[in-house]
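Naming follows writing order (A, B, C, D, E and F), and every chain is counted from residue 1.
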Amino acid sequence: MYSDLPVDQLATYRGTTSEPKDFDAFWEDTLDDARLYPLALKVTPCPATLRTVELYDVVFSGFGGELIRAWLRLPAQPLRTEGPIPGVVQFAGYGGGRGDAHENLFWASAGFAHLHMDSRGQGAGWSKGATPDGAGSAGPQGPGVMTRGILDPETYYYRRLFTDAVRAVQSLRSLDSAEIGGPDGAADLRGVVDPDRVAVLGQSQGGSVALAAGAFCPEVAAVVAFVPYLADIPRAVSVTDAYPFREVCDFLAVHRGSTDRVMETLRYFDAVHLARRSKAPALFSVGLMDTITPPSTVYAAYNNYAGPKDLEVWPFNGHEAGGIEDELAALDFLQRELGDG
Amino acid sequence: MYSDLPVDQLATYRGTTSEPKDFDAFWEDTLDDARLYPLALKVTPCPATLRTVELYDVVFSGFGGELIRAWLRLPAQPLRTEGPIPGVVQFAGYGGGRGDAHENLFWASAGFAHLHMDSRGQGAGWSKGATPDGAGSAGPQGPGVMTRGILDPETYYYRRLFTDAVRAVQSLRSLDSAEIGGPDGAADLRGVVDPDRVAVLGQSQGGSVALAAGAFCPEVAAVVAFVPYLADIPRAVSVTDAYPFREVCDFLAVHRGSTDRVMETLRYFDAVHLARRSKAPALFSVGLMDTITPPSTVYAAYNNYAGPKDLEVWPFNGHEAGGIEDELAALDFLQRELGDG
Amino acid sequence: MYSDLPVDQLATYRGTTSEPKDFDAFWEDTLDDARLYPLALKVTPCPATLRTVELYDVVFSGFGGELIRAWLRLPAQPLRTEGPIPGVVQFAGYGGGRGDAHENLFWASAGFAHLHMDSRGQGAGWSKGATPDGAGSAGPQGPGVMTRGILDPETYYYRRLFTDAVRAVQSLRSLDSAEIGGPDGAADLRGVVDPDRVAVLGQSQGGSVALAAGAFCPEVAAVVAFVPYLADIPRAVSVTDAYPFREVCDFLAVHRGSTDRVMETLRYFDAVHLARRSKAPALFSVGLMDTITPPSTVYAAYNNYAGPKDLEVWPFNGHEAGGIEDELAALDFLQRELGDG
Amino acid sequence: MYSDLPVDQLATYRGTTSEPKDFDAFWEDTLDDARLYPLALKVTPCPATLRTVELYDVVFSGFGGELIRAWLRLPAQPLRTEGPIPGVVQFAGYGGGRGDAHENLFWASAGFAHLHMDSRGQGAGWSKGATPDGAGSAGPQGPGVMTRGILDPETYYYRRLFTDAVRAVQSLRSLDSAEIGGPDGAADLRGVVDPDRVAVLGQSQGGSVALAAGAFCPEVAAVVAFVPYLADIPRAVSVTDAYPFREVCDFLAVHRGSTDRVMETLRYFDAVHLARRSKAPALFSVGLMDTITPPSTVYAAYNNYAGPKDLEVWPFNGHEAGGIEDELAALDFLQRELGDG
Amino acid sequence: MYSDLPVDQLATYRGTTSEPKDFDAFWEDTLDDARLYPLALKVTPCPATLRTVELYDVVFSGFGGELIRAWLRLPAQPLRTEGPIPGVVQFAGYGGGRGDAHENLFWASAGFAHLHMDSRGQGAGWSKGATPDGAGSAGPQGPGVMTRGILDPETYYYRRLFTDAVRAVQSLRSLDSAEIGGPDGAADLRGVVDPDRVAVLGQSQGGSVALAAGAFCPEVAAVVAFVPYLADIPRAVSVTDAYPFREVCDFLAVHRGSTDRVMETLRYFDAVHLARRSKAPALFSVGLMDTITPPSTVYAAYNNYAGPKDLEVWPFNGHEAGGIEDELAALDFLQRELGDG
Amino acid sequence: MYSDLPVDQLATYRGTTSEPKDFDAFWEDTLDDARLYPLALKVTPCPATLRTVELYDVVFSGFGGELIRAWLRLPAQPLRTEGPIPGVVQFAGYGGGRGDAHENLFWASAGFAHLHMDSRGQGAGWSKGATPDGAGSAGPQGPGVMTRGILDPETYYYRRLFTDAVRAVQSLRSLDSAEIGGPDGAADLRGVVDPDRVAVLGQSQGGSVALAAGAFCPEVAAVVAFVPYLADIPRAVSVTDAYPFREVCDFLAVHRGSTDRVMETLRYFDAVHLARRSKAPALFSVGLMDTITPPSTVYAAYNNYAGPKDLEVWPFNGHEAGGIEDELAALDFLQRELGDG
């Protein structure tokens, strides 16, 4: 069932959100602050349970210098003999974390160095996380992280998560200089990843984080955003009752006097504004029966995206969108953009 | 519909949880740490919108010295001419905060000094809060605060909230020495409250916090715990699918390997163990159709309560239990225990 | 989520209902009939459990001379020494009654004489009632009172309830001549209430009853209608599936042949037509996510209101609308209109 | 899914309710009062739309002399040439009424005179009714009729409905003396029904009404009670959350202080006590997955039934029980007990 | 609640589906194939449990020569002495079958020969069936029959069901030549049914099957389609989330690549195209609150219907539409069109 | 929440089902029949999109000689240089199929030859299938396949699916003799799989199919059954309302007279009886909060399992049980039993 704009209006819908004047300054300051902390990238091999994929436990310093965890998955050494391989950094959907090292073998199996970043303070909803959100709450908050610190852009949760994402890209691009952990016979990961062929990818919340990484890291070679969340937020909160957008409504239903402040905060994080700042080629997907990220909000991000772009449209899908077919389309797209995995 | 133990078994049910050996040491250390911070109690009159009740905005330092907010409500000065009045400290239910100053006029109208404490980091679910939980998360967490820092008693959310509660009791008992805020003509609150007649009260989460305050503050003169939450947790998580107990299940469904650690943490916070440490007279209530705090868990707390006690049983109520009739029973109880309000 | 008209169309929406030619005659006859019964107002003091508020059990004769109950709450005598105080008559929401005497202390605490009228035959859904609806059903009816006697305006439930409301206003305005009940030392309530400063107030069903009282009693000094029910009924039953409007749909789904008769009956009770007949200053509120009284129906009443008026708009709230913030706005409004409580 | 007692315990379960000492006196007085009103039976032929069944609109005076409607359906005259035929009086399920004359052709098609009684004040939920409940409410009530007048056996709704049922049986048995309505050529119904072969039948609420008619009319020749409602009420309200039993819980959740009075009232109407007073042969049915009338409560009525009896057990059915197969079993049963239709 | 087009647009809405060029060829071939199988009609009397209606168990060969069951119900012999009677062939709603012989006595009682056809492979959802769908699945399918063989018109379930329907009409029209089963004294059904006065009728799925029978059998004398299913399918699947239309969405959400094939298949079965091919007088009904067959889709079929037509509109009903009142309207309609039953 | 037997009773619970005398004869005949059809195994390489895993499209003849599809996944050729590797045959959960070739890379990545069999007629619910169930229905059926042909063991759906499973095991074990498809340069799969080291594995329905394959193929080297479905069916249908067990209840609620036949059929397919016939080492898992395959039914299968066995117990999980942690446990188990992948 379609409950959003008629399909023919979606194609040109550009959203209702306007950006704050100091959007760029806000993010420059934020990322400058992050750069004050050394990356402190450390990569530790996991026990060799798999034969075709190597697994590594990764930690680096993200926003505020806090330690962020991730998994690195590589095609097994005998299969990567032809020089540096392309990389893809993946971000998790809402409520999830990096999961288990043995999950999500697709990208490494396809020949990519696959860095799967944890989402701080999440990872207890459907896939396991291991990273605290040390900054604490900056006020009352509803369940979930969507309203954590939402009364001020400085304290808002996504300021930290987007910054972590930029640092994750930097980590995969500088794998050559990582400290290698583990008992003995440390792995040699120098020369494995080609820093000029690193893409970002994510679904839902992961899609908006990918857009943020694409917007703030000019080095990102390609962006894949499946049903990206956080786009055209003023419309989203008025056209769906589904979580997590609804967390904003729940918060404002109680904190009635904070509507303007909350809406002002969200303007610094809207995926529409992120999309306008990206130049890398991008692949989006959208499910026309999606009530979690309503299609109009995905189109708003897509139609504002400043780089070359393509969109997979799934007329009978909800938030799952294309599923494995989205992944195969992304593989095809990345192989074209980055060369073979 | 009854979905818990048969009614006749409830009367003697004492629960399944055992306490850790160092339970008392853990809480002594926790409260000793809190005492390192000065109370820093400050009381500021609100604009005089009401004629029969005076309202004050209160702040004091709780766990970790963080500032905790509360409302103080007093019967209007012309009505409190006969010497110090008794006090009651109220704690909020899950997801709520201290609300608005103009809500909850019952206790002040009945002649009590009524301190309504905020719950740190909560207060966006149904009644408004204004207090951050500055400590940050100590790991991944599910929505809500029930699993915040749950992998270790030191970092668990309720360590902070219970400590705040002890400081709130101390605040109302030492109102004489509070700093009085406000533009001019500061109120004189000296001699208003009788520190030997201060009770604690709460419903659901507020009930368990009241039990904690009763257990850790021997100065508390009476305890009112309506349908207290957090009692007999090992049983609770196995007999109900309702939130917020279910947050523990959701967390462990993803963090399968952390079951023992989580259960170990919860032993330091189970209301059954709090009840065993209380000497003040107490009034409980229970709803026999309550699926949020299943009746057996309330009975487990009640049957372990070490002081004089009474229980209001509501056979056809759920978590709302006796509602206004619980409040009237509490008023009658406190008037008997503390003298007239 | 918004499911009604776009926000910008709400501001001018005036509804779809037209009024019957004999609307005024119908109500004149109805109220004339009621006047045949003496008011028989009797006020009995409740035991003095509260210190700041005096409570009285009230009974008066409403529609058909049947006895209607209410609570009267007054600020305690020492606080009302400066002459007669303003009054507010409150009507209950659907399914509720006058509740317990000790609930709803806000208006008396703010200095008003507060008469809280019971709703005949209701009061078993969420707050307690004590008044029968002696008239009996005039045909088959669905659950609830919304279709009781709905086949004829003469027998429709709301004819009786609206009439009771007019009598309640008359009761508070004529408190000086009430019979005072109670064992001995009868209270003296002469001169307590200023009959020229009596407002009416209610939420949802209570809001439409307040509009009825305002329309039929020119003596009412101000009207407060939070999310008023029963407005623009032809639209309401076609844009929401929520109860109690849905009771009409359920009835007509079975009594298919009675659609015209039912719609004709409802025209005599539509809050849009009540609003057109009111001259007193009014405060309304609306929740833009309200599915119980869809915002367009509230705007239809508001935009037709004939007196000075103001509207609180809550963009992220449902039927709860502004909650305590609505009450504070009403207090501010009534203090301006009626003078201080 | 089975959620009641284990199947092997059902067979001997006799219930938890005890009867009031004056049960018989209460009902004798009630029925004596009813007898003061003449039956005033009037039967009017409906337009002849059907070829095999004749339809009549019936009215008679029930409790308090109020007019109760019913349909009478007869096999067409050419098919009833062999002398008087047996009759069956049917009572409706909760929320329904007598429906449309053209519905429920089964019993007349099978050769019975079929009187389908309306339920006063019901008939807007799923099948149409046409009879008011003129007695009015005797206090606050929840939606539905289950709590109408429940604070006193004298005012309780089912006192009126059960009395109507007794009068309906009397009506079918005295069809010979009915006034025949209609424009001209009045039908001659003398000698059509054999007053010694009249059974009663109903499902759910209709089943308990049938049990009441069987208990109070010794002339009833057989009783059919499919999944009878209102049996073993104290257990029912504690083992199911489904309506309409739940209306009692909802009422008591608000009217907490009325529990004893309500339970006392219900003892006069419990189908268990009705069953103990019946001598006619009876057929019951039960659905083991029924959550509306939990199987244990049906067994309680069945096991207490004092006459010859049989029970259809449907292991995989809920409240619909045997459906058409129950009807066929009833046809077989009545043909055996009453002779051929 | 209305969730489809505004009521005034419904009146002229004609749908969005276009028909395949070879629509007629496809169906001609299909029906030609069916004609290769002899009808093999056999009619066996059921035991005489009813007095006014005779019941017969019917079997005939449908699509692929597979045996299809049905019930034949006739007014009892003494009532059909005036020559051949008109007939009506009824088709079942989704998930149901022909049910029990003793159900649905309306049409025979009204004087019609009533053939109630089973739906192959259905009849386990709400009314009992007895006919296999022997053709097997032609690919993966979702629950229900809506996607059985949906990848090709040749293998689609409704090709078989529509063909069965044509054969059912032929069966009732050629009752004279049926083989009569049963132990002895075979019934003589010659001359009972007038083959020129046979109508088709159904609700929901049964309504679309009736339209198919009307479209493919010029001998059909009248068509009754209550809330017909399967009309304007491209719109239906985009405006409702209700089953069974949703089965198509569920299928395509998994089989994303098959959208075009599925939509192509459905064009051969859309009730809009069936309606265009019918000449017999027709009666439709629609419920304006129907979410199962959204009103716009019913109007699309109605507005395209090529013969004389009428439409019952039920503004407050859902998929049940007019219920017994639809049946009475149909009786009136058929008596006018076919002569008295 | 636990809704099944107390945890301590689960450990020894053995179920309530008894097996038919001719259980073994029935299955011998069934498998003998299948052997009449040549296996016709054909393996076609998929385009090489992945670098570490080779993908093949597989087809073989199953029950009735019908063609069954599967995916074969192998670790890339450079990684399998040390001789034949072990194999694992996986079966899908209810409603799913073999999915996409690029999904489920775990087992091949771990070094196993992984054959993922399609489930005939399923594969439109959550993962895609490609295999018809050509046998057709043998009677009416509910949605889903759980009641397809359920009136007779010969026609029951699971007779066909279990037989397919036996043929799938045979296929992986005889890969050396497969016909290799594809345009040119056919792959050489001879010597790749060690036929003596082939395990079977599945979750839910897949778990019961794995138990069937283990019971009927003595050559199976190990069995992994996560939360196996179809065990202790008589209990299952009485303790859960969840689908797909509930399909049996839904069917019998309509086909009331078929209860004995259905229960008799199911005895030939109960996983308890399969478990008793297996000798290979087995790993099971169970979620104690599983309402889809209630834990008691899983324990019934486990406790009857005749070979060496182990059980993963997940106290806070539902039907998802251990998720990736179950897979890792299975990897560890299979590496121990079969040697390294």
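Throughout what follows, a contact is a pair of C-beta atoms (placed from the backbone, for glycine too) under 8 Å apart; a residue touches a chain by one contact, two chains touch by 3 or more.
The UniProt protein names, listed by chain, are A, B, C, D, E, F = Acetylxylan esterase.
All figures in this text were calculated on a predicted structure; none of them were measured in a lab.
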Each chain counted as touching subunit E and subunit F at once: A, D
Number of steps on the shortest touching-chain route linking subunit A and subunit C: 1
Equivalent-chain rotation between subunit D and subunit A, CA atoms, steps of 5 degrees: 180
Copies subunit B and subunit A - interface residue numbers shared by over half, same or different: same
Computed distance of Cα centres, subunit E from subunit D, in Å: 37
Cα-centroid distance, subunit C relative to subunit F, in whole angstrom: 65
CA centroid of subunit C to CA centroid of subunit D, Å: 39
Subunit A and subunit E, separation of their C-alpha mean positions in angstrom: 52
Contacts with 2+ other chains: residues of subunit C: 325
All pairs of touching chains, each written as two labels joined by a dash: A-B, A-C, A-E, A-F, B-C, B-D, B-F, C-D, C-E, D-E, D-F, E-F
Subunit B residues touching subunit C - in the complex, by the definition given at the top: 49-53, 75-76, 78-79, 99-100, 102-103, 105-106, 108-111, 324-325, 327-328, 331, 341
Touching residues on subunit F, where the partner in the complex is subunit E: 95, 97, 120-144, 147, 250-251, 254-255
Subunit F residues touching subunit B - in the complex, by the definition given at the top: 1-2, 289, 314-318, 320, 322-323, 325
Touching residues on subunit F, where the partner in the complex is subunit D: 237-241, 248-249, 252-253, 256-257, 259
